[in-house]
Amino acid sequence: MHSDAGARPAAVTVAAAGAALLLLALPLIIRDIYWLDLGITVLVWASVATAWNISAGFAGGLSLGHSAFFGVGAYTASLLFLRLGLTPWLGMLAGSLLAGLLGALLGLITFRLRGPFFVLATLAFGIMVHIIAVNWRGLTRGAAGLLLPFDGGASNMLFAEFSTYWYVGLGLLGLTVGVSLAIERSRLGYYLVALREDEDAARSLGVRVVRSKVIAAALSAALTALAGSFYACFVQYIDPASTTQFELSVQIALIAIVGGMGTTFGPAIGALILIPLGEILRARLGGGPSLVLYGLLLMVIVLAAPNGAIAGLRSIGRRLGWRRRRPHA
Amino acid sequence: MQLALQILANGLLLGGLYALLAVGLTLIFGVLRVVNFAHAEFMMLGMFGAYWLWELFGFDPYFSIFIVVPAVSLLGAVVDRLVIQRTIGAPEVTVVFATLGLSILLQNAVLSAWTADIRSINTAYSSSVLVLGGVRLSVAMLISFGAALLFALGLWLFLTHTLYGKAIQAVAQNRAAASLMGINVRRVYLFTFSVAVASAAAMGVLIAPLFSIFPRVGQSYIVTIFIIVVLGGLGSVPGAVLAALLIGVVQAGAGFLIGAAWAELTYFVIFLAVLIARPQGLLGRRGAEVYGG
Amino acid sequence: MLEVRHITVNFAGLRAADDVSFDVEEGQIVGLIGPNGAGKTTLFNVVSGLVQPSAGRITFQGDDLTGMDPADRSRRGIGRTFQVVKPFGGLSVLDNVIVGALTRGQRLAQARRTAQAVLERLQMERFCHAVARSLPLALRKRLEVARALATAPRLLLLDEIMGGLNPTEVNETLALIQELNAEGLTLLVIEHNMNAIMRIARKVLVLNQGALLMEGTPAVVTRDAQVISVYLGEPLEPA
């Protein structure tokens, strides 16, 4: 946690500032639509993975059903826009509220479950939402999907310029990371980590299990849904395969794990690594073989380096001699 | 009435198939405390094994089963050594995603090697039907059903009446204590995993004459099997069989009444209900949901 | 302050607690002794709420605790340590204690100060930023106490906190217990170290095979023939 204030070396602050500037200026530097598109995709999945981390990394609840919330966000905003003409800026909020409620419900159902039982429950939940998305054709048009007509411009979150999407996406990521940081340094953050480390000890100290887990689950779901709504407005066509499928839940988890579960910035780094990598592999090797590597990567990472890239970066930092300014033990 | 009997029969036969997969999975769950997401992929490998031996050499699946099962078991043993054993005692993340990664790897390796084309085996008896009291029963399904129940019975007898079987149970209940008693835990893991994989492969071979064969075929089964295993109780072989038959009947019945897709939804609901109300399932031990391993 | 009435706990055929009844008065230090497996920790688990008894009732400061969650019991003033220590391994020592202070309702900054004060009192302030799992056992046990103290309990259940300590450390711990008691903390202490119990406990409860064998002053209990025979038949050294 962050009880040792002021321990960050100056180098990190400078690097962070530099990175922020780079992110803001990116669309001015990179003009190629292909790379901007990729970048925006990275932003979307970085947000989702960061949101996932709130429930999984902090609280320890490994959810394999988060694609459900992504889908809820995507479909709610899209349907409200298509059927009622409601601007996605508001539809997004509706979607995240709905997802938040669903997340809280899921949290209530699963708080007592540990280990694989929790995973399976979330998996079941995710698949249930997918089944509904595919089969409730009256609502979602099933596998045919929903097409968002390019209608109405900025007020409907439909931009001609890719760079605008980039900034909105950046805002989304910023919001998600901000919430994650806020939690990390708050009472809730302490409670969640305590629950993750030792639930019985935490309970005996007065940590309220249900309340903490449900809040974390709701926040995680709501933020994921925001990303889903944004995604819908970005790609302008959604279907169950691209929003609620199980594979997406796995991808979200993989991104967070590769980057570093339990840390705020880990998932974003994971997205930065994996999304472009996935693109390149798919382009070079085709669907099948690239997924073979994907599966292999998943196995290798969790067996050899379950703490992800952030842990690797930290140990490099240590070796480079960064000494944290704190009393010696 | 006739229709109801037919549906019941279909359901029971289907349940029997599920039982063969479920028993293996519950064994892995119960003994190694590992969620084997790749379990259905071993079934898929069994199916493909049967297919290629039939396609290339004309071997009947009931013959090639004696080749395919040992071969896939060997693969299972390798997987156990290289992957599974490394997940024992590892953080939750590792346990879950190692087998998930394996599942993705196996599916797509097969996809890359043999394409997504749907294959099938058509033997003389593929479509033979036995009519019993007006109810049509697929011969191949009957044989698989019989094999599944025989296997489950044999396994249960082995676990409860032989010394090694009891050793396996001991490891399932308390691995630390078992190892202190001189039981070679790693060898038990290897044995258990290989047997479970063998049963999955066997199921694959047995149903190869009946169902379409393609790389992703495991996906349609795996979640149902998890539901069955939880419903029946972690590590309980009789529980897995009972739950498998139950789910088979529910699936057949619900499928008939409300269509396949919505039927699937019903047993997810059942699944969540069980997890909330009685996490140890029908025949499992209380406290299984807080498994310690 | 604490009324335990007819507590019985059955674990699938094993009777871990058998109709146990006793009182702990406010301001007392009560010792709980008994051979291994007697059910002492089970009793703690029932009082702190981690285990639901099959029968019986616990009343704390007049309130019936039946069905109450461990977190709520902690917030009402029941603190405990665990025999097999349960630190939040990945967190620093300070953060471990902050968790306890937070549940009191304090804000983060205040909780941090409270935690630092507790750690200072236990002479652990120089380990503030050490990662909990890197601590040796003696310090982990002290951390358990620090964490529980941070919740400002009215009744503190200590489960064998002197196991593995050298005589100096035992003396320090006893002094701390007596200080805390003088400040108004009621303590129920499980211990195997008989000399320690003798020095601080006003009353001693003896548990054997889940049942309360006897209760009395340390002097009486340690001379009782039944108690002695339960502990391998060796007479206990007087203080």
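So that you can tell them apart, the chains are marked A, B and C in the order they are listed, and the count of residues begins at 1 in each.
As a convention for this text, contacts are C-beta pairs under 8 Å (C-beta built on N, C-alpha and C of every residue); 3 or more make two chains touch, one makes a residue touch a chain.
The structure displayed is predicted, hence computed values, not measured ones.
Q: Using only the chains other than chain A, in their current positions, what clusters of touching chains do you get?
A: Result with chain A masked: B | C.
Q: Taking each chain's centre as the mean of its C-alpha atoms, which one ends up farthest from the centre of chain C?
A: The chain farthest from chain C, judged by C-alpha centres, is B.
Q: Most C-beta contact pairs, which chains?
A: Of all chain pairs, the one joined by the most C-beta contacts is A-B.
Q: Relative to the centroid of every protein C-alpha atom displayed, which chain's own C-alpha centroid is closest?
A: A
Q: For chain B and chain C, what's the span in angstrom between their mean Cα positions?
A: Chain centroid spacing, chain B to chain C, equals 47 Å.
Q: Cα centroid separation between chain A and chain C, in whole Å?
A: 42
Q: How many angstrom lie between the CA centroids of chain A and chain B, rounded to a whole number?
A: The answer is 33 Å.
Q: Could you please specify the touching residues of chain A with respect to chain B in the complex?
A: 60, 62, 64, 109-110, 112-117, 119-121, 123-125, 127-128, 131-132, 134-135, 250, 253-254, 257, 261, 286-289, 291-292, 294-299, 301-303, 306
Q: Hey, which residues of chain A end up touching chain C in the complex?
A: 1, 3-4, 185-187, 190-191, 193-194, 197-198, 200-209, 326-329
Q: Where on chain C is chain A touching in the complex?
A: So the residues of chain C touching chain A come out as 48-50, 69-72, 74-75, 79-80, 82, 86-92, 94-95, 98-100, 102-104, 107-108, 112, 126-130, 134, 147-148, 151.
Q: Write out the stretch or stretches of chain B touching chain A in their complex.
A: So the residues of chain B touching chain A come out as 29, 33, 35, 83, 86-87, 90-98, 100-109, 111-112, 223, 226-227, 230, 261-262, 264-265, 268-269, 271-272, 275-276, 279, 289-291.
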